[in-house]
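Look at the two complexes coming up: chain A is in both, with chain B in one and chain C in the other.
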Partner chain A sequence: MAKLVMQLDELSCPSCMQKIQAGVSQQAGVESVKVLFNASKVKTEYDETTTNPEQLTQVVTDLGYNVKSVKVK
Partner chain B sequence: MLTTAAIEERYQAELKQADVDHHTPTAGAMIGHIMANLTIQRRKLRQMKWSAKGIDNGTFKAQVATLLTENDMLLDKTAERLLDEGEVIPTTQAEYTEYGMLTENARIKYWDVPAMMAELVNDFNTANLFVSRAIKLAQKEERFALAADMVDMLGYNQHQIRVLQSQLGKDAREGLDEEDDD
Partner chain C sequence: MRFQRWLQAVKNQTALAVGVLIAVAYGWYWLGGPVVVMQGLLLVASVLGVAPILMQAYQALKVKVVSIDLLVTIAVIGAFVIGEYNESAIVTFLFLFGSYLEQRTLKKTRESIRSLSEMAPQTAQVVADDGTVTAVDVDDVAIGDHVLVKAGGQVPVDGTVITGSAFVNEASITGEAQLVKKEVGASVYSGAIVDNGTLTVVANQVGDDTTFAQIVELVEEAQDSKSPAEKFIDRFATYYTPAVLVLALVVGLITRDFKLAITILVLGCPGALVIGAPVSIVAGIGNGAKNGVLIKGGEVVNTMAGIDTMVFDKTGTLTKGETAVAQVVNYAADEATVLKLAAAVEKQSDHPLALAVVSYAQQQGLTALPIVTHIETLKGLGVKAQVGEQLVRIGRAQLLTDAGIIINKQQRAVIEASQRAGQSTVLVAIDQTLALIIGIADTVKPEAKAALARLRKAGVKNLVMLTGDNEQTAAAIAREVGITEFHANLLPAEKVDYLKTYQAKGQKVAFIGDGINDSPSLALADIGIAMGSGTDVAIETSDIVLMQSTLSEVVYADYLTKATARNTVQNIVIAVGTVALLLLGLILGYVQMASGMFVHEISILVVILNAMRLIRFKVR
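After this line comes the complex of A and B, so read on.
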């Protein structure tokens, strides 16, 4: 299990949290997702044999949010 | 009375503006979310008032009854303020469902009083995410009366959080703030 932290541009509305949470958690291989509103971060745990940081970042980008940086742990 | 065509024209304009406001949030749009949350919270409060059981359920029910009265006052005051500001307000269940973030659960009626209290704490905390954003947006838009109402609501919600947390034996912000250890 790997951990990924995505730093987004400032989230303007708390309802964005729900949208991102739902979008990322629906991806195959994603174990958990936590969206931090004030920090504008998405933290996720995923199975690296099923998905990868590029795919997960693309999900968030496709939802309309700019991913400024990613950190894999 | 407006004609059917005129009503439809106004409603379509409202939908178009709502879409624009969602992508570039305005204080009005953010407070639409707040109204939706208040509406959902009203149903949850009634659910708890009707269902609470246990040795201190009478005290809790009285507390919830007060919260219900205050919730109604806040919702009306917020709606009136938005109308004063020339905004179009959400009025239907479909809109409240779309804009609200608080979650409902039919199982809550089986919960004990501390679990209900913890749910209310989380709901007031979630509500304040929107309220604090609304304050910043209203100030930026120089809509000072709107900002003042939102500051009052922020303080009211914070107070309810502290009261409920203290009943649960916790400090005001215990377990509520985002943990960002990166």
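After this line comes the complex of A and C, so read on.
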């Protein structure tokens, strides 16, 4: 299990949170997703054999949210 | 993909463009221009405005989420279809502009926490063994590395000072801006700023393990940690939005009034309700964090606001914990020898009483302490240790009597006198004989009495002190601080029992302790408040951490949580009230799509602005 923290631009709409939450959790290999609305961060635990940081970041970017930085734990 | 990203990025400019087009359209018409031109401009404005909203709705649908964007998109397209270009244009403008304003104001609300995490040090100056200094990413510093911090610089790790001395600003950790002098042997926090002086620090904790990083993480998680009410509203919102869609459809089919149906879509947006409580919590927690009061979530805020009983630990909580040996009564052949043995054993403990014994021995010039081969702690009673050939017991009278050691009448009288003077007594026994009676005095925190009085006035009806110390000392301290109910000679488990009794009576109990010795009580109480000064244990086990370890912070926490809870209620009332008013307006025919959207956006902004009042909250 690897952990990833993505820092996004300011999130202002509650539905953004739902979109990102749904989008990332539907990815194969993702164990858990937590969207911190107020810190504008996405924390996720995933199986590194099935997916990787680049793929997960792409999902968020595709939804229309700019990922400012990624921290792999 | 790229087009989508671009569309999102220029959302604000789009809002502006749409606004301008609408203004021009109306202006032109009022100046006598043809209706067609106005309609044309409004059409263009609508198309321009709906594009980003449509995109957001589409992306949400792709992950099976029915979002507000979908409702607005359908409504706008609907208005378009029936030729109401002014409605469609105005609604898109209000939605986009509203979104922009929300972003701006939310940013301000989250400012305190944002500035906290931005204060995190990024680089460190690592000193190699040969003396060369290299700039290194703060995440690459290892435990044991030496880092150099010069005036104006930030301490990048949690560590101990090995050379140099400086005045340091620890505001980012404790919330207190007073400069603290740090010399060799002192511990420093990551995030602290060296005001003047230079320090070389050996790293004890790095990266995400530093107190600062933990605080930032704690506060970030706390902002989004939802109370049951918030969780309910979230779930409600997930079902509510599709329900509005269905309702509009049904109404449209029944009444055949297309305009009514799409107006319902617009009015049905949950907006202010979803954001109402969370935004207050964020502002409240942010304010707390700036002032050294770390509140771990929305639920904590609500529970703390309803506390009617506060139970205080004595040593380190009501008292300074800066214990000093007041008197030593010796029964052994050589006082110095026994003191050396006692100090050797007490050196193994962090308890304030132990520290007092150790520093007393140091002051007496007693160095070269013997080696302790084995030590056993008996919780609440003391310690038992093997030093060379001798068995040393240090602790309460019960520790000795349990082992069959006799304490004669005269000795008991000495203990009694010492306790009546407000001292904590520590008995030292070598093998089977009582050797020393040490009286240790601790001072009550200067702000204690005033703080407790304020708490009582604020509505905390019951103030209780629980301590493991003796009855006499407890009585003296209680008298000085203004507490009427106290219980002494308690083992940690017995303290927990008292908490259970209060809770069984229906009281809402907060326990205030120092985190290390009071974990069970902190865990069991409805609210555990730790005077942690940043220890890991305190941060872990409590609900609220007071970084300055003062009782005034307890008062602050109480007032702040009450204000935040009130603010949350205000926001929910505003949100629900607005929806009710809009529905009424719709029925009475006053409300249209555009005006409905306008009121809707206003309510969201009102709610956010109301929450922002908490940012400036202060306890007078």
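Just so it is clear, the second predicted complex is superposed on the first by the 73 of 73 C-alpha atoms of A that agree within 3 Å, B and C clash if a C-alpha of one lies under 4 Å from a C-alpha of the other, contacts with A are read in each partner's own complex, and residues count from 1 in each chain.
Here is the rule we go by: a residue touches a chain if its C-beta (ideal position, glycine included) is under 8 Å from a C-beta of that chain, and two chains touch if they have at least 3 such contacts.
What you are looking at is a predicted structure, and each value in this text was computed from that prediction instead of being measured.
Undergrad: Counting only touches as set out at the top, which of chain B and chain C does A:Ser69 meet: first, second, both, neither?
TA: In the superposed model, A:Ser69 contacts neither chain B nor chain C.
Undergrad: Counting residues of chain A touched by each partner, does chain B or chain C come out ahead?
TA: Here the partner covering more residues of chain A is C.
Undergrad: Check whether A:Ser15 is in contact with chain B, with chain C, with both or with neither, and answer first, second, both or neither.
TA: It touches chain B and chain C both.
Undergrad: Return first, second, both or neither, reflecting whether A:Thr50 touches chain B, chain C, both chains, or no partner chain.
TA: In the superposition, A:Thr50 touches no partner, neither chain B nor chain C.
Undergrad: Have a look at where A:Thr61 lands relative to chain B and chain C in the superposition and call it first, second, both or neither.
TA: A:Thr61 contacts chain C only, not chain B.
Undergrad: After superposition on the shared chain, which partner residues are touched by A:Asn38: those of chain B (first), chain C (second), both, or neither?
TA: A:Asn38 contacts both chain B and chain C.
Undergrad: State which residues of chain A lie in both footprints, the one left by chain B and the one left by chain C.
TA: Chain A residues touching both partners: 12-15, 18, 36-39, 41, 64.
Undergrad: With touch defined as at the start, can you tell me which chain B residues reach chain A in the complex?
TA: 22-25, 29-30, 33, 99, 101, 126, 129-130, 133, 178, 180, 182
Undergrad: Show me the residue ranges of chain C that touch chain A in the complex, using the header's touch definition.
TA: 1, 4-5, 7-9, 55-56, 59-60, 62-65, 67-69, 99, 102-103, 106-107, 110, 113, 117, 208, 220-221, 223-224, 237-238, 241, 274-275, 278, 282
Undergrad: Over in the complex, which chain A residues touch chain C? Could you list them?
TA: 10, 12-15, 18-19, 22-23, 26, 34-39, 41, 61-66, 73
Undergrad: Help me check something: in the complex, which residues belonging to chain A touch chain B?
TA: Residue list for chain A touching chain B: 5, 12-15, 17-18, 36-39, 41, 64, 71.
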